[in-house]
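Right after this note come the structures.
Across the two complexes that follow, subunit A remains constant while its partner is subunit B and subsequently subunit C.
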Partner chain A sequence: MYEILERRRLVPNLHLLRVRAPETARACRPGQFIMVMIGPDGERVPLSIADWDAVEGSVTAVFLIVGTSTQKLARLRAGDRLHVCAGPLGKPSEIAGFGTVLLVAGCYGIAALYPAARALRQAGNRLVLLADVKAGHLLYWEDRYRNLCDRIVVASRDPGAPFQEFASHAVSNVAAKEASLGRVLVSGCAYLLAAVSEATRPLGLRTIVSLNPIMVDGTGMCGACRCSIGGNTRFACVDGPDFDGHQVDWPELFRRRAAYLDDEVRSLCRFEKESLP
Partner chain B sequence: MTDEKKPCDPSDRDRIRVEYDRDWRRELRRSMTPKDRIRIPRQPMPQRDAFTRGRDFAEVNLGLSPEAARSEARRCLDCAAPGCISGCPVAIDIPTFIKQIERGEFAAAGRTLKTTNSLPAVCGRVCPQETQCESVCNLKRAAGVPVAIGHLERFAADFERSAASAPCCRPDPGAVKVAVVGSGPAGLTAAGELARKGYAVTVFEALHEAGGVLAYGIPEFRLPKEVLRAEVECLRGLGVEMRLNFIVGRTATLDQLRDEGFRAFFIGTGAGLPNFMKIPGENLVGVYSANEYLTRVNLMRARDFPAVDTPVPRARRAAVIGGGNVALDSVRTARRLGAEPAMIIYRRSRQEMPARIEEIKHAEEEGVEILLLTAPVCYKGDEKGRLRSMVCLRMELGAPDSSGRRRPVPIPGSEFEIEIDLAVVAVGQSPNPLLFECQPELRRGRWGTIEVEENTLAASAPGVFAGGDIVRGGATVILAMGDARRAAAGIEAYLREEHDS
Partner chain C sequence: MKAVIDGRVFEAPGKTTILEAARRLGLDIPTLCDHPRLEPAASCRMCLVEISGRRDPVPACATVLEDGMHVATDTPALRELRRGVLEMILAEHPSACLVCADRNACREPKEGIRKTVEPTGCVLCPKDGRCRLQDTAAAVGLERIVFPEAPRSAEPRRDDPLIDRDGGLCILCGLCVRVCRDLRGASVLTFVGRGGRTTVGTALDLTLLESGCLFCGACVDVCPTGALLERAARHVRPDERKPLLCALCGEGCLLQAEFDRGRLLGTRPAPGPANRGQACVKGRFLVADILGHPSRLTGPLARRDGTLVPVSWPDALTAAAAGLRSSDGPFEAVGSAQDSCEDLWALHELGREGFASGRFSIAEPPSPLEVIRKAAGVEAGEGWPDVPNAGLAAMKTILVFDEDLPVTAPILGLEVHQAVQQGARLIVFGPGESCLDRCAKVRVRAGLESAAEFLLEILAGLARTAAGPGHPGRAELGPAARMKPEESSRAERAVFKEKASRAAVILEKRKPAAFIFGPRFAAGTQGRRNAAALWNLARLTGAVLIPVAWEANARGAQALFGGGGKNGCEGAPLPAAGSLLLAGDGPPPPCREGAFIVVAAAYESGALEAADVVLPRTLFAEQDGTWVNREGRIQRMRAAVPAPGEARPLWRMAVDLARAIGSGGPSASAAGEILAGIEKERPSFAGASRAWPDEKPVFLSATAVSRTGFASVPEAGECSAAEEGSRDPDDVHGLRAGAVLKSLRAVRRR
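Presenting the complex of A and B:
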């Protein structure tokens, strides 16, 4: 059992979760994820590691409420216990001196890219954050990034905002202003990953996406997370989750992510009927 | 590594001899002539009828009644040179436990099993006794039908489980620490053996339940979870610590564990990586590895969805590719979840099917269809990427291949299409490479297995031993347990030597 130290709403629908998991906290590296299970009847939910504290023995993730499991997670509070918190899983992100790195982040990805940003900064890179949010008030952790990034661009759909467009459209614009752009890192919803990859393809910019197919065990044992990378099948949980965005078969990823849509809706309806007044 | 029957080691032989010579055994042997024993018919295993059991996940086999068990036990000749023991990879003193059943001392029989087998209630259910102990039972040679050793093993183990309170002991505070990686039958057996030798054993398991394939793969209709849990509890009672949700290689490396004071390691990480066939359409929605399908239903209990949160497809028409135990477990699961038809697609003929005969028989009784000499060529999907059909080729058997089995050869132009909405690929597993990323020094074999020294099962790094599917590729529960038992002896010898020098 893993004690929840904190569960807090950051912005509407996005919550921070800090869990006591000392062994995992000691081993975390940027780009990895944890598997959590709320109770014995829960499913195994993969969440990117957004931060950790080896001294306190805690691991932090940020999640978006989308379905039953994340609804349930959002109702837990400090002192409650998770049945499972396993990790860190997945290969760590590649950290090196790339010159300038553009971080494109939306939704939970803003938190998920934070450890990589920290490590890339330490490795001497110039960092640019391009945050994709529906509206300005949905941006979070700007303060954290301000210490790391040389430039922060917010693409929001607020009327009158400077980048009133999707991040994928803003990418080439932002990239054009950067002389030594060595790499683009993308995290967030699958559509953002795909759209940014398509946008950087003609620019020949190396683009690494943190892929999020449906997973079960997260240890390479089931193949639920398989995806086609450059025509080869890969297991995202052990071969990834970082992959070259230009090599991903996106239509296949979207289809596989939608495999349980009917079941998910059924499960959510049942949950809401039981838990809402 | 070899599979052939190992003669049991000298300490086993002495232990067995002492029991054989006890007075009560002599008397029991004399109480009935071998001729009369041979005449007793073998007791059938009572089972639930195919119609009702094919709709739920309760156990198919019901177990022998005490009367039936004693009658079956009387068939055993209590041979002076028993074949059965040499057929058992963990050298269970088979005649002793059977004669204890004959005397009505069921709990004692259970204890006899436990002296060399940490998981007898599991083995009594899933071991292929027909190719192990029962294949070399002297009664088989004498009368054609061996003693039902497996059924008796199950009987005694179940009795002991329902009667016994778990023993409780703790290793000495100063005991040497040994780490076991993986909680499959190999890991659990190594843990039990080492704990009994007085070591402080910690089992590290990546998943949230102990048991390996026993927990996530083998369905409840063959091995109820509570049977496994009781065996695991028993190990806890011996002082074994279970650290679940701990991925060695990720949460900590072997070297880090060494720094924490673990002096020796047993690696039993199994062969969990599912193989696919690399044919077109394999990534369509509706095509599953057997591991994923079975994990969803067993470990995650998706059959109770939406009462639990993990879903599993309720297929109308299901095809399972493969002919082994894994394929049969998958197809029988699909059948129970409502598939009609639920088909096995196997490329060779029935004789070559590696699954246990009992499983094939049970599957057919439950309405499973078996398409032999058939192999999939590709899968086809609809515009949403959902599986709709499978194209197959008919095969014929050609000359024998390296495995001695006749090689299936496609018949040109024999393609045909089957409409399905679920395909489960059960064509074998490979060792899970997760651990090796941080332990490149471990020497590995051709298929990604760990190379070990034949007798002690020592791997190429000091203090590291390995056994089970990680060494053999896909094998069986009892071979994994046999390995673990030998490795535990190897570890003991290694630690003694280390201590002395």
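Presenting the complex of A and C:
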């Protein structure tokens, strides 16, 4: 059992979860994820690691409420316990001196890219954050990034925002102002990953996306997270989650992500009816 | 009255608003706060129009069209004005998706994350694609966002059953507040706070449940955005819609059933003739739960070696026919006032013609209508002057006896509330509480055992003035009016007398009046006393009587069989039955030891314990059928929902059993054939086969009751208190919905 140290709503739909998991915290690397189970008969939910504290022995993740399990997760409070918190899982992100790195993040990805940003900064890179939010009040952790990034650009539909369109349209504009852009890292919703990858393809920018297919065990056994990367089948849990965005078969990923939509909706409807206050 | 709107001439005799007139001309004026059944509020300012000669634009919804007016509904200045208003509305509503170039591309990939709980944009919103704000933005031609988004409230409230409230999506149109207060009379929702911090909420920020909400869902249905949502259905998108007639009470509401690949998702009220777009908690939220309850029976069962085992339909029918044929003693078929006319008629025919000594009865106690007919001595063959809902509006006084109308007859409840709003005086008698109490002019909190005393007190007062020596039936009324009141304390007596005299004054001055009473008022022998006293008061004041039964087809059963009730229970006791076909919920009629019992049931229940054969039956939405609502409105409906497993309609079981027994009885291959038979044998059902919801309404052909005299009121000593029993208006064919459905249990505060 893993004690929850903190669970709070950051912005609408996005919640921060800090769990006591000392062994995981000792081994965490940027780009990895944990697998949590709320109860003994719940499903396993993969969450990108947003931060960790080896001294406190805690791991932090930011998750989006997107179904029955995440709704249950968002109802837990400090002191409650998770049945399982396994990790760190997945290959760590590649951290090296790339020159300038553009981080494109939206939704939970703003938190998920934070460990990589910290490591890339330590590796001497110049960092530019392009955060996509629908409205200014939905942006979080700006203060954390301010300490790491040389430039923060917010793409939001609010008037007065530097970019009022979706982040993928802003990428080329932001990239044009950066001389030695060596890499683009993207994390967030699948549409953002795909759209940014398509936007950087003509620019020839190496783009690494943190892929988020449906995952069941997270250790390469079930194959639920299979995806096609450059024509080869890969498992996002053990071969990724970082992949070259220009190699991903996006239509297939979207289809696979929606494979259980009916069951997910049915389960959620039942949960909504039965879990009365 | 003649006026010109956008260059087109509009002519109409009566008063009409500019908005109505424009709509009748086929002109589209965007609105966000108008509702056909509510007084205009002109709060959204989207329907502004120009009138020549007037300096400022006026709201079309709240401005009456005058003779000679020249109105422009679409000018560059108006378009600019509307855009400006919309931009301000959108400053407090998630608007990013309305202007995002990627909104169509990202819709499909984001389908999965629509299951979120706080929509921050249209693609994540359950109302996406059916949102009045989206439609308005398209109509106005919104291209840009001018003000930064500043949400109006923090987290959504999800602490109530069935309904979610998300203040972040609210545009303060006020429709929910108005429909709750003005139409439903609940006054649960209200505006909270001031200025820029105004939100829609409840007094003291309580939950809806704590605020007395009945969860009729009217607020959810009028909400133009996703601020008020049905929780369980928020994540699903229907691909098919069909009309469905609700048979969970006697109101006969037309609903729209929503399906996803054939699976019933839920229902919402349709603008049916009886309910005109309104429903109650059961019809709005729980039809799918009731029809799809896990305790539904899906296949026939037969008793083998003492236990019920699944069998095929042919085997079940053979076993039932053999058992029924070989048992000694009379056969009795027991139907329910919840059953369709076809079901009841087929059962009745099976009882009448299938067996030499067969008979038929209705499981429920006699309906309030039957009780008052008997008390008054109205002939069995006579019709009854039903009062349509629309007739309530003309009433000046309404007297309600212990019927929590918003629960037992919700549509009648809101018609009563409407009448009160239009000036009718409401007198409520009974021990229970209801949201109608707060608009009652006289509220008598007393048990129904003293209802007759109250009525006699009024009668005594009125008889002196109203019924002079020449008044018909004066002689009969005399002894009733002089009847001694019950023993009670002097103080109580004084209050009682004072309230009765106030009620008498209202009844004398304000006519016409309507008296509404239900099963509790009419229950037991005391019910006969109550009914006789009420009949007399109605004769004296010329009031109309509106009996409210809880069952969907109580009115139909009464018209078919003269009241149902325990047929034959009055008078000489019938010999105990030797075999039974039980289709109604309730205690079985007296039967012999070891009688053969066939149970036609929809749900697993205690009734199955005594059954030799169990036949699974369909419910209202799963079969073709005809129901007669409280108004006497005949309504035919086709099956909308697939039957669970092998369940069959009751009428078909009766037909199949008659065939298996090999004797006379019903024979039909469709419900319509049975209805044609009913039409032939029961003149009051004339035209019933044309009674589809989209056709001209058909009512039971009513005749004025010929009996005009007063009834003799039995002495209090002759009456016993009502046998309360365990009846519950939320029971559905044996399913105790108010107990087994968690959300309904919460809503009923159990």
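Here is the rule we use: the second predicted complex is superposed on the first by the 274 of 277 C-alpha atoms of A that agree within 3 Å, B and C clash if a C-alpha of one lies under 4 Å from a C-alpha of the other, contacts with A are read in each partner's own complex, and residues count from 1 in each chain.
We take it that a contact is a pair of C-beta atoms (placed from the backbone, for glycine too) under 8 Å apart; a residue touches a chain by one contact, two chains touch by 3 or more.
This is a predicted model, so every value here is computed, not measured.
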Superpose on subunit A as described above, then tell me if subunit B and subunit C fit or clash.
fit
Output check: A:Asp217 vs subunit B and subunit C. Expected answer is one of first, second, both, neither. What do you get?
first
Now for A:Asn125: first (subunit B), second (subunit C), both, or neither, which partner does it touch?
neither
Quick check on the superposed pair: does A:Ser58 touch subunit B, subunit C, both, or neither? Answer first, second, both or neither.
neither
Is A:Glu264 touching the first partner subunit B, the second partner subunit C, both, or neither of them?
both
Touching A:Thr200 in the superposition: subunit B (first), subunit C (second), both, neither?
neither
After the two structures are overlaid on chain A, angle v-u-w for subunit B, subunit A, subunit C in degrees (C-alpha centres, nearest 10)
90
Under the stated touch criterion, which partner chain does A:Thr233 make contact with: subunit B (first), subunit C (second), both, or neither?
first
Looking at the overlay, does A:His83 come into contact with subunit B only (first), subunit C only (second), both, or neither?
first
Examine A:Glu272 and indicate which partner it touches, taking first as subunit B and second as subunit C; both and neither are also allowed.
second
Just the number, please: smallest Cα separation between subunit B and subunit C in the overlaid arrangement, in Å.
11
Where subunit A meets both subunit C and subunit B, residue numbers:
258, 264
Flag every residue of subunit A that touches subunit B in the complex, lowest number first.
23-24, 26-27, 32, 35, 37, 41-44, 68-69, 72, 83-89, 216-217, 219-224, 226-228, 233, 238, 251-252, 255-256, 258-260, 263-264, 266-267, 270
Taking the touch rule as given, give the residues of subunit B at its contact with subunit A in the complex, in rising order.
206-208, 216, 244-247, 250-252, 272-274, 276, 278, 282-286, 288-289, 291-292, 295-296, 300-301, 304-311, 384-386, 432-434
Subunit A residues touching subunit C in their complex are 9, 12-13, 64-67, 71, 134-138, 156-160, 164-166, 168-169, 189-191, 194-195, 254, 257-258, 261, 264-265, 268-269, 272-274, 276-277
Complex interface listing, subunit C residues touching subunit A:
94-97, 99-102, 105-106, 108-113, 115-118, 120-121, 124, 144-151, 155, 158-161, 168, 207, 231-236, 289, 742-743, 746
